[in-house]
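In what follows, chain A forms one complex with chain B and a second complex with chain C.
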Partner chain A sequence: MATSAGSWKGLERMSVEQLKAVKEQGDLEVNLLQESLSNIRTATTRLEIASSALNDLSLRPQGNQILVPLTASLYVPATLHDSQHVLVDVGTGYFIQKTMPQGKHYCDRKINLLKSNFDQLLEVASKKKNVADEAGVILQAKLKQLESSS
Partner chain B sequence: MNRRRSELRNAMSSSNLRDLQRELENKANDLSKLQKEIAKNHQMRKKYTVQLGENELVLKELDLLKDDANVYKLIGPVLVKQDLAEANANVRKRIEYISAELKRLDATVQDLEEKQNSKKDTILKLQQRIQSFQAGKGKA
Partner chain C sequence: MASSSSASGSGSASAVTERRGIPGAQFVEDVQTYLTQSGLDVGSALAFLQERLQQYKVVEMKLLAQQRDLQAKIPDIEKCLDVVATLKAKKGTGEELIADFEVSEGIYSQARIEETDSVCLWLGANVMLEYSLEEATGLLQKNLDNARASLEVLIADLQFLRDQVTITQVTIARVYNWDVHQRRIQQAVATTAQD
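On to the complex of A and B.
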């Protein structure tokens, strides 16, 4: 609360032009952070889908009949050769062969990492939003003051 | 005679003013080019930072593996089996390269920003000169 009051005092001293600049900058940063948060959410969802797919696959015995998607609307019949190993895309074109438990562990680790990043970003975004909102409120007050004085 | 002299003075001062305004326009164009260059560099820096982060994550994953782990590299549409040590070395080399590029970009951006600041100062001084010129003409 003390920091908020301090920032409020700092904003109070600013000119209308400076306040406009602060608000614009704040809004821009908040938008960028929101975009990043959205990307993290998408990535987390993808990893959760992968994790549940691994879970589903581990329950199927070897030799099980499956349909493999070649495109979004074209599937070919196949037989499950090995349900104990998976290839994991770790980024920059590298794939690592892992066992089912290792694959699940990888997904869980990544999900936890993304969630912690998400929480940190959310905190930063809310602080930036507060500053931008404060600047907006003070700006409106100053503009009204200028109107009434003129 | 005096009128002729004052006419000459006016003509000279207006041509001086025109020169100053032309100079200001040129400097403003230069500043605009610099700002575009800075924006382009920032964009490249962002791209390299993302790549660096991704490569560091890959390196962490490779460091967790045992020596007998199967690692594959996607080359075009084909997965090619690769030795773990080789993959490790490749990723490290790439990290070194990207880090060096980032350092170079940082230096470039710093240099461009210094140039931008000096250009801004020059423009400010020119504007002040033009204003004082116009004020002088107004008094005359």
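On to the complex of A and C.
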């Protein structure tokens, strides 16, 4: 609360041009943060789908008949060759062979990391939004004041 | 100057009137004649041309989106054909194929593909059909040919459209310049009359 009051006082001292700049900068940062939050949400959803797919795959016995996607639109009947191991894409062209539990653990760790990042970003975004809103309110008040004085 | 001295009409004789629903732009050789024939004043003519330009831009956006879709589709069909050809080649050898397939994004598993006579093709709209290898090759080849033909037509349409955009932009510039020129003449006449 004290910091908010301090920032309010700081904003009060600013000129109209400075307030406009602060508001624009704040809005821009909030938009960027919202975009980042959206990307994190998408990535989390993808990893959750991957985790549930691994769970589903681990329940299938080896030699089970499945339709395998060889391209996005072509599937062939095949049997599961190794139901104990999976290849995990860890980025930059590297793939690591992991057991099913390790694969699930990897996905869960990633999900937790993204969720913690999401929470932190959300906090920062709300603070930035508050500052931008405060700047907007003060700007409106100052503009009204200028109108009435002229 | 923008206004051409030749008064040979408003459009060139070889101008294409339209192509697949895209109206052709008229090349204005003489602005005065063009305005007289169309019965428009300069402001209305410019507004009409600007509107036509916007319409061209909208059509161009649609065509570019279609082009992007086709350019993404063609490699996918080619890949499918390659896979079917590989399966055909392996047929009868008794050799099994071990394939890494994507379980979900970033997760891959291994599958053993034994000798198969058929493949399943995803046709869209929640429809998947099983085809023999020969039928699949035929269908994919037909789709590939159609996609390539469509892409060629689309590229030609885009080229035609860009030509029309250029012609329209030039016409706008010429009409505007002609108007400026006329105003200057009127101003000069008014000045000499005052003197």
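In the analysis below, the second predicted complex is superposed on the first by the 146 of 150 C-alpha atoms of A that agree within 3 Å, B and C clash if a C-alpha of one lies under 4 Å from a C-alpha of the other, contacts with A are read in each partner's own complex, and residues count from 1 in each chain.
The rule is simple: a contact is a pair of C-beta atoms (placed from the backbone, for glycine too) under 8 Å apart; a residue touches a chain by one contact, two chains touch by 3 or more.
Bear in mind the structure is a predicted one, so any value in this text is a computation, not a measurement.
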Joint occupancy of chain A by chain B and chain C, clash or fit: fit
Winner by number of chain A residues touched, once chain B and chain C are compared: C
First (chain B), second (chain C), both or neither touched by A:T92: first
Contacts of A:Y75 with chain B and chain C, given as first, second, both or neither: second
After the two structures are overlaid on chain A, angle v-u-w for chain B, chain A, chain C in degrees (C-alpha centres, nearest 10): 70
First, second, both or neither for A:S15, with chain B first and chain C second: neither
Touched partner set for A:S149, first chain B, second chain C, both or neither: neither
CA minimum distance (chain B, chain C), superposed complexes, angstrom: 9
Chain B and chain C contact sites that coincide on chain A, given as residue numbers: 87, 95
Sites on chain A touched by chain B in the complex: 87, 90-97, 106
Complex contacts: residues of chain C adjacent to chain A: 76, 79-80, 83-84, 87, 98-114, 116, 118-123, 128, 136
Interfacial residue positions of chain B with respect to chain A in the complex: 51, 54-55, 57-58, 61-62, 65, 69-75, 79, 87, 91, 94
In the complex, chain A residues that touch chain C: 46, 49-50, 53-54, 57, 66-83, 85-89, 95, 103
